[in-house]
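Both complexes below contain subunit A, partnered by subunit B and then by subunit C.
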Partner chain A sequence: MLKGSVTIKDGCGHVPSLATGDLFFLLAWLLWWQAGHEDHAGPDPPRKVSAALKQGQITPTELCQKCLSLIKKTKFLNAYITVSEEVALKQAEESEKRYKNGQSLGDLDGIPVAVKDNFSTSGIETTCASNMLKGYIPPYNATVVQKLLDQGALLMGKTNLDEFAMGSGSTDGIFGPVKNPWSYSKQYREKRKQNPHNKNEDSDWLITGGSSGGSAAAVSAFTCYAALGSDTGGSTRNPAAHCGLVGFKPSYGLVSRHGLIPLVNSMDVPGILTRCVDDAAVVLGALAGPDPKDSTTVHDPINKPFMLPSLADVSKLCIGIPKEYLIPELSSEVRSLWSKAADLFESEGAKVLEVSLPHTSYSIVCYHVLCTTEVASNMARFDGLQYGHRCDINVSTEAMYAATRREGFNDVVRGRILSGNFFLLKENYENYFVKAQKVRRLIANDFVNAFNSGVDVLLTPTTLSEAVPYLEFIKEDNRTRSAQDDIFTQAVNMAGLPAVSIPVALSNQGLPIGLQFIGRAFCDQQLLTVAKWFEKQVQFPVIQLQELMDDCSAVLENEKSASVSLKQ
Partner chain B sequence: MAAPMQRWVGRGRHWTFARVDGGSCHRREAPTGSTSNRIRGRSSVAQQPLYTTQKPRKGEHKWAAVVGLEIHAQISSNSKLFSGSQVRFSAPPNSLVSFFDASLPGTLPVLNRRCVEAAVMTGLALNCHINKKSLFDRKHYFYADLPAGYQITQQRLPIAVNGSLTYGVCAGKKQSQVIPKTVRIKQIQLEQDSGKSLHDDLRSQTLIDLNRAGVGLLEVVLEPDLSCGEEAATAVRELQLILQALGTSQANMAEGQLRVDANISVHHPGEPLGVRTEVKNLNSIRFLAKAIDYEIQRQINELENGGEILNETRSFHYQLGCTMSMRDKEGKQDYRFMPEPNLPPLVLYDATSLPAGADPQQVINIDQIRETLPELPSVTRERLVQQYGMLLEHSFTLLNEVGLLEFFQNVIKETRAEPKKVTSWVLNTFLGYLKQQNLAVSESPVTPSALAELLDLLDSRTISSAAAKQVFEELWKREGKTPGQIVSEKQLELMEDRGALEQLCHSMMEAHPQVVMDLKKGNPRVINKLIGLVRKATQNRADPAMIKEILEKKLSS
Partner chain C sequence: MWSRLVWLGLRAPLGGRQGFTSKADPQGSGRITAQVIEHLERLALVDFGSCEAVARLEKAIAFADQLRAVDTDGVEPMESVLEDRCLYLRSDNVVEGNCADELLQNSHRVVEEYFVAPPGNISLPKLDEQEPFPHS
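Right after this comes the complex of A and B.
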């Protein structure tokens, strides 16, 4: 029953006009895909890309070039800070050789990926969207980057973010805000046209959410198949929800943080953004596992690779609905989709329980204290001495430190450093930091209790509403926005649990809405299995990036064609 | 890296205060704030020497000094505490720096097993309770040679606590008696060393060398049970010997492997403790004692003259022999301690708690480390006293000089001479020569085998002890001759021919009739003059006892 009601098909008869000529190339690429398929395979939807590579229907170099050209044509989205064209083409060439010799490294060989610009990439500038690290070229790869490369993935570039990942809009980096590709989708444009209040289309573009908005936009605009984000309080799940993607935050300790420039060490997790759950599982399979360079990764053997069974039956599942997540600020549309999703599980035989996470309301304040204290500590290394920005002032070391840090960090970062140091002062430590740690424990215990009561997976909203226009978003400051936008996501980080945002449906405005599934610690596979089942039920529509898509709408309305699954 | 490591840093005036003049560049931070429990009573073991001012005024009572030490010992390990870069003294600047040591963003600490084992070993040797679970914390301050802006240390829950260190203080008339004393150990914590700042005043530059940044340190915090410079010096010396015996630190103060800060206050016994100062930059045991005694006297004088003691950090100026305020303008630093989120709690096991089937590479077993503990200096001393019948103070001397014990044991191994004889020769003659020429045992021109051969000649009565001294002096000249060769070349063999000696005595008596007359008149002491003359005539080759016997026989006949 939900299947019919949540899957919002575009029933609109007329064709929207294009916002910019760039979009043509998005289509051109999709058409090319289509053409490639027609050349080889007949009337079926395009083959999944990994299979296509294996079968030689397309070469990694061709794939890489197409993505590069899409990156150029979608430059206005501001998704990428650095495009590593040469690196990617070279990797593609090597991948091509492997395919020719029948020595493919696996599902990720030859697959274009993007990486958030707070992961260290050897020889490629890594800025964290901050003046502080402008021009900083790390001499080593983050473990997760290395693992992707070891699997043969092609690194297309480094994606935009809020400075040092502090934000929920991808609007507060030195390279400017990221634009949500859905702003230019047929689905959204048509809805807007129906509303006479909407004028000035060009300036009404939407935020992606954040802080991994660049990665979300990159995947959403088809410039790559998967992207790494980071998730400290929801930074992967939030933009995934706003951009109609799968946004996965693995269990803390499952994936190495080595090389991820930290925001909050005790909560940071590399996140995965893909167009479908299976793709996320493939990437997780490549990344998960202990890392001798990260002492917080766990050694316990975890089932690998992360093959997700197709769940035929959910009758043995118990889905928990945390009652504290039903808050007045939640938009009615999200609320209704949430309850429909619960109904769906129930109607398919799952047990759906209301559960209580009693300390939820204290979570965001607690998160704020713990986040800022670690930020204050982690940012102490940026003093202009060893690397990164240094001011011209040299009257004294202290003056140099002060000016360097004033010039290097934006207001948001400086504000968090200031409050974090305040909380760590001897006279405040017990009242703020220690208390926050105790509350953190209570929040983590809330989840443990919920899971101990027999719940397998929790179902919650990911965000309060769909993406808002940039001009709307910046009416509130970063801190207020973060507090609102992380409301459903940060508690998971404090508890170290795995969570995934799955796109469910389009809002009345034609924008994606996501729901979040939260699993038991290190039950990532179970979580993704449930998410995969749900994904299949809701049939979330493919983003339609311009009018010419009508020509292949038959193809594009089939979710499989555009989610371009890596898997067969 | 975007920029070379060694770059200038514009420096503020106050940096000057943190410097030892000239080249020395070490700087340590103020104590963690929890280092000495000032309220706790003093150990009953330590006896307080009482100080008086030069001119005690009427009704005035005496002063007592309270001294606590914080000792940083560099762990002897191949690699640093949290990174894989090598640990080596005097390597080219910034040649031993990993990405982590330079605090490149995204790098994470990985604990070095060897450093943990060294801490456990040291803790056990110092009678500490080893915490099965300990934690790491970040201590924040900005300094150019601290790249991360914080030091990883163990503030809340250190690896070892509540130990003790027994040391011996010389007392008695000739300072020859050794009195054992004990100082309590509050804790031992693992922490990172900082880099080094080299200040170039001429160019207003500071050069940073990160070779030392991240090297593992054991911070040993002593309770304020000490009361004077000498106690502190001997306690530190004992700790140094223990660390060296364990191999957990080379503990060479000149190379900065052992660094001591002293917290000093004075008060009237029975009254609350006084305000303390901290004295830094104590880079030798001698200066440690000097600085403490100077500071105690300075505080007494200050108080006697109506002044007050500031809770401040002072630096010892070894050329002037005084302590000087470092005038830290910033005032008390707040280190904003925070748990280190990248390191899980450090969990140690013992035989009872070791999980079954645990990978020995992944766990540290305290009991196993206990079994590998080598002989500690106190036990070595006891053994020397037992085995060789030497005095306790002699055993102290043997251990205190680097290499002397080994030298002694090598001589013992090769000679037939009595251990007492060996002890006397090594401690008096050999050590005397070394001291006189300011040489280390390793620089000695006399090898253990040569001394052993010499003592054999003495033992077999081939030479007299006076001749032996002569041979030793020849050996010291490094002419490559063996004692035997020297003896035969110089004809130093003992005169075994009684007839010849009788002849010599006879002619000596005839040559000195006045002495013989005095003797016969009843002045027996003048016989020594005759003995001396005979010995001289034999070039010290005759046994004085035999000469005396012959002379007495002749006189009485």
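Right after this comes the complex of A and C.
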């Protein structure tokens, strides 16, 4: 029986056996998956695709080609800005040699990954979805990219984002918005047919969330096994929740930011998007650790590799529920799932406490001020002289800088720069910037107090609701949307804590809803352990990509008999 | 009318690419006067570009004003969550470099090993200067 592998490690992985013809193989793999895993993601004894690679049941090149083919098929999602096909195939070839010689580099050897386009990649265009960096080819790899490559991962391409990672929808980049694969899922489409509305199929597509929407769409559509995002205010966790993925934000200082084009230096971290928690742990194991090129990485010894124990029981655990996160704007479905999750922990013996984070309502305002001020500073480096876009004006340096920046940045970026500069004016500095820094301390202290009261992990929603249609999303401007959508996620960045969004269940519309776990600083392993336990309990369903199947079956007219026999 | 001239004055020497379609409201919320606009544009070297942008800034400021309600007496500002730690410093030895060629490749205007910049120490034109600048 032909099987397909969906994850790097446990959870949902099965091993494909070799078959004649790549396309047949691909279709069979997909069909088996859809058929065998209709409603849940928990399979029969899982095999690891990395184990499959080691045992020669599939080669890195085959895996690479499968993913490249899927990337082509899902081009309409606009998840990728650059597809590094040649690079990936070459890496696959080298990986294959290593496996043949029994010298694999580890669990990530030969595994296709994607990287958000605000990470520098040597020799590969890095644009941040902005005209300012269109055509810019970095001469070096970001540390996290280098670490993935050193582990043998295959770089499939650079993914789409909001321009300079500013936004919560992945709609504001120069390459256009990213479409949520769930817009095309059987689960969503079936629910919509029950609706009296009968609009044009594609005009109602949903956003992925942002700003790492391209990375989320890439993983969600099976074009890669893991993707790097960045997380400054929730940019990894937000799209993870909307795309039914695990979105992990490490503790600030755990993972190097060298090569991540900065947005807010005191809050940015590289984020990890995967289909299950174990995969996120594998990637974190590869990425975590001090970097001499990033002096904000801590040099404490870390337990590596990140092997997650399976929690037998949660009776020793204390879960905190911050009461201020229960706001009127929270959708009733998310609220209900949040409540059920808390009940689940309690019924399994954990202690579930209500805690208070009193400054929560000021958190988004504080974030807004600190974000714009740091952005104003960080964007100052883009002047057209040494790299990036340069205008044609040569009258004076100032005129050249001004015109370059007008041409290079979109309204959102310019708006934030101007706001940031306003808050940094002499007359405003104390009242806005320093004030926000003080409020930041209060917010960070709120978390410290909550954890000191005996709580191990906090449980909150990730987003206010499921993913919304693009046409609805763009009715409000970027700043308003960010303020709304980052509400549960940005406080974590201000406190530098680790957090993870786990997909929990489908909404009434058939769309993913995620919940967020927040851990103590540098207790990332413990956080992921709890998340893994929870993931196993909820058994979130695998996405059924109808469109993809139709595409495949149209191509494989002759293989009908084979495909029919695989359908249960 | 006067506001329109403000915008045109700023646009002309910068290539005058974008026709400015709406006037800045000199009243607004009272915070964003024309002086503030000019000052911010000079500091940020980024222009507002439209009335909407000014309105958005006003909204952003109004949003930020909510911070006033928080009591921060005796609270120290927090610059970094790692404030209790010493930052790691590398030893002061040269271990890499000699990559001038690679770095120069990314620039649009280079002469031998120099990045070329237009003449400096020329301020952006003030509001009342409207003579067109020659530009290439």
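As a working rule, the second predicted complex is superposed on the first by the 499 of 568 C-alpha atoms of A that agree within 3 Å, B and C clash if a C-alpha of one lies under 4 Å from a C-alpha of the other, contacts with A are read in each partner's own complex, and residues count from 1 in each chain.
Everything that follows uses one rule, which is that contacts are C-beta pairs under 8 Å (C-beta built on N, C-alpha and C of every residue); 3 or more make two chains touch, one makes a residue touch a chain.
Everything numeric here is computed off the predicted structure, so don't read it as measured data.
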{"item": "Subunit B versus subunit C as contact partner of A:479, first or second or both or neither", "value": "second"}
{"item": "Touched partner set for A:426, first subunit B, second subunit C, both or neither", "value": "first"}
{"item": "First (subunit B), second (subunit C), both or neither touched by A:435", "value": "second"}
{"item": "Partner chain in contact with A:406 - subunit B first, subunit C second, else both or neither", "value": "second"}
{"item": "Partner chain(s) touched by A:120 [first = subunit B, second = subunit C, both, neither]", "value": "first"}
{"item": "Superposed model, subunit A: greater residue contact from subunit B or subunit C", "value": "C"}
{"item": "Which of subunit B and subunit C A:262 touches, first, second, both or neither", "value": "first"}
{"item": "Which superposed partner A:395 touches (first subunit B, second subunit C, both, neither)", "value": "both"}
{"item": "First, second, both or neither for A:137, with subunit B first and subunit C second", "value": "both"}
{"item": "Contacts of A:377 with subunit B and subunit C, given as first, second, both or neither", "value": "first"}
{"item": "Common interface residues of subunit A - those touching subunit B in one complex and subunit C in the other", "value": "136-137, 139, 266, 292, 295-296, 376, 383, 385-388, 393-401, 421, 425"}
{"item": "Subunit C contact footprint on subunit A (complex, rising order)", "value": "136-137, 139, 252-253, 266, 290, 292, 295-299, 359, 362, 365-366, 368-369, 372, 376, 383-388, 390-403, 405-406, 409, 411, 414-415, 417-419, 421-423, 425, 431-432, 434-442, 444, 477, 479, 483, 494-496, 521"}
{"item": "Footprint of subunit A on subunit C - complex, ascending", "value": "13-15, 17, 36, 39-41, 43-49, 53, 56-57, 59-61, 63-64, 66-70, 72, 75-82, 85, 87-90, 99, 102-103, 105-109, 115, 117-120, 122-124, 133-136"}
{"item": "Complex contacts: residues of subunit B adjacent to subunit A", "value": "1-3, 5, 7-13, 15, 99, 102-111, 138, 140, 142, 144, 147-150, 206, 208, 334, 336-338, 341-344"}
{"item": "For the subunit A and subunit B complex, residues of the former touching the latter", "value": "119-120, 126, 128, 133, 135-140, 142, 257-262, 264-266, 292-296, 373-374, 376-377, 379-383, 385-388, 393-401, 421, 424-426, 429, 433"}
